[in-house]
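Same chain, two partners: subunit A is paired with subunit B first, then with subunit C.
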Partner chain A sequence: MTREGRERLAQALAIVFVAGLSLALREDDFALFLVARVLIVVIACLGLNVQFGYAGVVNFAGATFFGVGGYMAAVLSRGTGVPHLFILVAGGIAAALAGCVLILPVLRTRGHYAALVTIAFALLFRTFLEVNDSLGGPQGLKLPELRIGPWRFNEPIALGRFEASFLLNYVILALFLAALAFALVVRVDRSWIGVQLDAVRLDETSAAAFGIPIARAKITAFTLGNFLAGVAGALSAHMVGFIAPNNYSFGESLILVSILLLGGIGNPWGLPLAAAIVIVLPEQLQVIQEYRYLLYAGLVILILLFRPNGLVPRPLRRLGGA
Partner chain B sequence: MITARIARVALATSFVCAAAQAKDTVRIAFVGPLTGGNSAIGLGGRNSADLAVRLRNADAKSKYQYELVVLDDECKPDAGVQVATKAASDRGIAAGVTHYCSVVAMATVDTYHRFGLPTIVWGAVLPDITYKNDYKEIHRVNGTMINQNDTNAKFITERGYKKFAILHDTTDYGKGHDKYFTEFVKKYGGEVVADLGVGADQQDFTAELTQIQAAKPQVLYFGGLTPIGVRIRAQMDKLGLNAQFDGTSGIVSDDFIRGLGPLAEGVLAFREGGPAEKLPGGQFFLEKYKAQNYPNPPEAYGPFAYAAAVLLMDTIEKTGPDRKKIIAELAKVKGRDSIVGTITFDDHGQNTVPAITKYVVQDGKWVLWEESEYASGKRKLAGK
Partner chain C sequence: MTLALFAQYVMNGAMLGMMYALVAVGFTLFFGVLDVIQFSHGDVLAAGAFLALGTWVALTKLGVVSPVLLLAAVVVVSALGTALLGAVFARTLVLPLKGAPQLNVLLVTLMMGTVLREAIRLFYPGGSQPQLFPALLPTTAYGVGGFHLRLDNAILLMAGALLIAATHFFITRTRIGLAIRAVAQDEETARTMGIDFRRIVLVTFGIGSALAAVAGVMDGLYYNEIFFGMGLLLGVIGFAAAIIGGLGNLYGAILGGFLFAALQTIGAVALPFASAYKDVFAFAVVIAIMAARPTGLIGERASERV
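And now, the complex of A and B:
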């Protein structure tokens, strides 16, 4: 079997696994909530993976772009009659556009400086939200139910004898979007764009010498990544039904980056596993109450100590087929 | 004869044992911020609710064995909705004592309503939580910031202060306080000479304080929580700003005094609810709390969490762990005595008998105003 074939099989198996798990848990609202959250975070981290892993563009404002998507969704679904499926896309577009503000400074800076630019942007965004009363200020905004055509997301599912929690709706949509995003990211990596991004990340000078347009490669990766984060943010906002600046703090951005590191930077295959650990583990540790983050942080450090390149490190690219 | 007596005793004993064993376990949830900037209050509330459950379990007369399921909302709406879903969708949980942070309490009301979980808010003060919906599930034992600021404004203007500067954080909490304090202080004849918002995690307040200093206020009213309250009071001192510091319920915590040391002296603050140590059962609460050796103090809102947990368990004793019946029973709560004063729920589930307690810091302690040396005239507030 070719590598491509193996990957397709693995993708299909992953989808079947999540779908099967969700069906088995269809009555368990909380488990479905967690599954949906993991899937949503995977979508956002796939975006960051394109930026950090492929193009080498650092972005410490992941939660900010996630938040731009969420706020776009809130504003559109509260104030307009735009179809909700389009709202999810609009969330992505808004995040991509917000990212345009940063393109110039990101292109001009490298390493620590680029990191600083994105951190500054994240802080700016949060302050902007807090003083902006039309966006709910610090108290945030409530979102209406998500509807796509006749499909109402906040109604429990009842098809004949099959009954399930309303959250299964969100899991289905999140799984669909995550699969789509995953396929997109894997294909970008495998295409000539991916090769260009690799070249830009590893050595800008030689990439330029080979005639690769560095600025274009970086802008592509940065925008695509923000788009995915924005779509994830819009979906998350609808599922939680409430958004406030507290959700999009710098700390949340760091959590997204830590999922990326834990999964293995540049390899989308590690992300679902890492996201599941980072989201489900602190939840399972609720029993130890205030000490849970301590233990959780310790575990993450241990994992990185023994697997410094993440749980599923990126394999070497082999050019020229299987 | 003797055999008959033995048989009777044995029978009685077995009944008692059977009753003890047959006690069903009822689970109630506690949700609050256990990690992050507001964790001190959250842990105090958690311990207090835990104390209520322990005391009830030690009581042989109670019909059920209670178990407290503790969940951390991190003071973030998305984490809050997540744990709210966890608690509310778990049919084994009968009711909940929920939320200190207003933003989280606002985000979760829909979830509780959807799953029909009866909850009693133990600390969040935003009026909208109970008044902006018709959800029968949501109740609140503490008063709202409206009552608190009315009392505060009246009290402080009666002390002869006329010029006020307001500094508030830009969260719902700070903004709400700003709105209601401004409203009431004007009503009582005060003048607001400066009104500035600051970030909830801001470090340096030199710019704002310098601006305030230029306006020469007699009182600096602060609407916000302990962490920045400490910084603002300390930086006032550095700049030589000598206004009376007048705070809200957000700074009534032991951390505030610990963070400032002698600088905390003379700071005023107001809190919803009667003073625990003066109310029936309050002294009992404080003693029992001490006896449990919790590593953290109950903080200002601990008594509310305790009162909410006790109220829930009293209700469950009557109705059994049936969510619908608990909600129906809670709607009837009127004139119930508790360690935070009388509780009467209106048709929004809001406690309408909000006693407001006035505090002043004296010798490193929050002292009731009426008992302080400031009230007796032995010590003077700033500028008096």
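And now, the complex of A and C:
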């Protein structure tokens, strides 16, 4: 079987696995919530993976772009009658547009300087949300249930004798979007855009010497990444039904980066595993819930010192042939 | 605005600027010798403040009442302890990753900051709540017109200025300072001249961290309150200050610190929106400065670091 064929098979198996798991857990609200949460975080981290892993553009405001998507969804679904499917896309677009504000400073700066720009943006956004009363201030905003056509997401599923928790709706949608995002990111990586992004990350000067438009490559990666984070944020906001500035702190951005690093930076295949570990583990072991930031930070330090390529390191790109 | 009110704002801005400058000097020193950003610097500052508070609690329990003795002990223990902490970080996390991708160093220090911050929150008694910091300086106020100059604030300002001057003297006039500048300029050449590179790095991290600890104590004395998360904002502000001044440049760091404080004060006082937006304004200006001058106002110059 070719490599592409193997990857397709693995993708199909992963989807079947998640679907089967969700069906088995169909009456357990909390478990379904965690499954959906992992899928949503995977979408956001896929976005960060394009930025950090492919283009080498640092973004320490992942949770911020996630939040922009969430707040966009809240504002649209509370104030307008826009169909909810469009709201998810609008969340992504809002995050991508918010990222555009940063494009100039991110393009012109490198390394530490670029990191500062995104960190400053993360703190700016959070402070802004806390002091801005029209967006709910520190108390946050409530969101109505998600509806796509006749499909009402907060109603329990009942088809004949089959019954399931309403959260299964969100799992289905999140799984669909995660599969879509995954396919997109893998295809970007395999395309010439992916090769260009790699070249830009590894050596900007020689990439420029080969005529690769560096600015365009970086803007593409940054915007695509923020878009994915925004879509994930909008879906998450609807699922939880409530958003507040505390959900989008700098610490949350660092957790997203930890997942990326744990999974193996630049390799989307490790992300689901890493996201599952980082999200499910503290929920199952309540003892460590309180210590989760401490543990993740320690874990990431150990990974960086002893296994800097993550759990599932990125394989070498093979150009041409199977 | 009356003159007295204006003077009050200037005084307040100067206090903030002094703290930011102390933090920024640390960033710039680390960048000078090792070309790295120590992102946990802000949390080192918080650790220094909590170390100071812990020392004070321990000493008062032991029955020490002399305010001079208390203050001296608090500052010395905090500065030395934090210097040690900074050196240990450099030895265990930053030096081993020398030569690794920049992103890894950045992440390691960011995560170390998180570890430190969470450790304070979880393990300091009542650490998740803001802690009252004792007023160790005389709080007599001198009124001139409507302006009140508090003695403790004046002392803090003087102490900060003296400390920065002392650091400058140390870097430019002593043998170790010379070695630090040599390493900053060219590590390889410095090594061939017989300079112990590792030792210089550790010393520099010690000095920078001790400065942060003093800034932390100043913050506690000024606001009478410290908080486990205080380092995050102060660290980012200090880093922003070091960067807008131009990394690796001591004067730039000081300038950047006062500039950021000025921005915050202007944002709080002189602009037409609510004062709660002062940080939003200040960070927006920082982002704009980065876009306009990507390596800071004074600019990174290879020939003169530190």
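Simple rule for what comes next: the second predicted complex is superposed on the first by the 301 of 322 C-alpha atoms of A that agree within 3 Å, B and C clash if a C-alpha of one lies under 4 Å from a C-alpha of the other, contacts with A are read in each partner's own complex, and residues count from 1 in each chain.
We take it that a residue touches a chain if its C-beta (ideal position, glycine included) is under 8 Å from a C-beta of that chain, and two chains touch if they have at least 3 such contacts.
This one's a predicted model, so the numbers in the text were calculated from it and none came from an experiment.
Enquirer: Return first, second, both or neither, reflecting whether A:290 touches subunit B, subunit C, both chains, or no partner chain.
Expert: A:290 contacts both subunit B and subunit C.
Enquirer: If we overlay the two complexes on their shared chain A, which of subunit B and subunit C does A:156 touch? Say first, second, both or neither.
Expert: After superposition on chain A, A:156 lies in contact with neither partner.
Enquirer: Which partner, subunit B or subunit C, touches the larger number of subunit A residues?
Expert: Larger number of subunit A residues touched: C.
Enquirer: Touching A:261 in the superposition: subunit B (first), subunit C (second), both, neither?
Expert: The answer is second: A:261 touches subunit C but not subunit B.
Enquirer: Of the partners subunit B and subunit C, which touch A:83 in the superposed model: first, second, both, neither?
Expert: neither
Enquirer: Could you look at A:127 and tell me whether it touches subunit B, subunit C, both or neither (first, second, both, neither)?
Expert: The answer is both, since A:127 touches subunit B and subunit C.
Enquirer: Is A:138 touching anything from subunit B or subunit C once the two structures are fitted on A? First, second, both or neither.
Expert: Touch status of A:138: first partner only.
Enquirer: Considering only the touch criterion stated at the top, classify A:313 as touching first (subunit B), second (subunit C), both, or neither.
Expert: neither
Enquirer: By the touch definition at the top of the document, which applies to A:28: first (subunit B), second (subunit C), both, or neither?
Expert: Once the two structures are laid over each other on A, A:28 reaches subunit B alone.
Enquirer: Touch check for A:241: first (subunit B), second (subunit C), both, or neither?
Expert: first
Enquirer: What residues on subunit A does subunit C touch that subunit B touches too?
Expert: Dual-contact residues (subunit A): 127, 130-131, 290, 293.
Enquirer: Would you tell me which residues of subunit A are touching subunit B in their complex?
Expert: Subunit A reaches subunit B through residues 28-30, 33-34, 37, 127, 130-131, 137-140, 142, 154, 165, 167, 236, 240-244, 246-247, 283, 286, 289-290, 292-293.
Enquirer: Please name which positions on subunit B make contact with subunit A in the complex.
Expert: It is residues 34-35, 39, 43, 46, 70-72, 75-78, 81-83, 85-86, 89-90, 102-103, 106-107, 110-111, 114-115, 126, 170-172, 175, 197, 199-200 of subunit B that touch subunit A.
Enquirer: Residues of subunit A touching subunit C in their complex?
Expert: Going by the criterion above, the answer is residues 52, 56, 58, 60, 102, 104-105, 108-113, 115-117, 119-121, 123-124, 127-128, 130-131, 250-251, 254, 257-258, 261, 290-291, 293-294, 296-298, 300-301, 304-305, 308.
Enquirer: Considering only the defined contacts, which subunit C positions touch subunit A in the complex?
Expert: Its residues touching subunit A are 31, 37, 39, 93, 96-97, 100, 102-104, 106-108, 110-112, 114-115, 117-119, 122, 232-233, 236, 239-240, 243, 247, 274, 276-277, 279-280, 283-284, 286-288, 290-291, 294-295.
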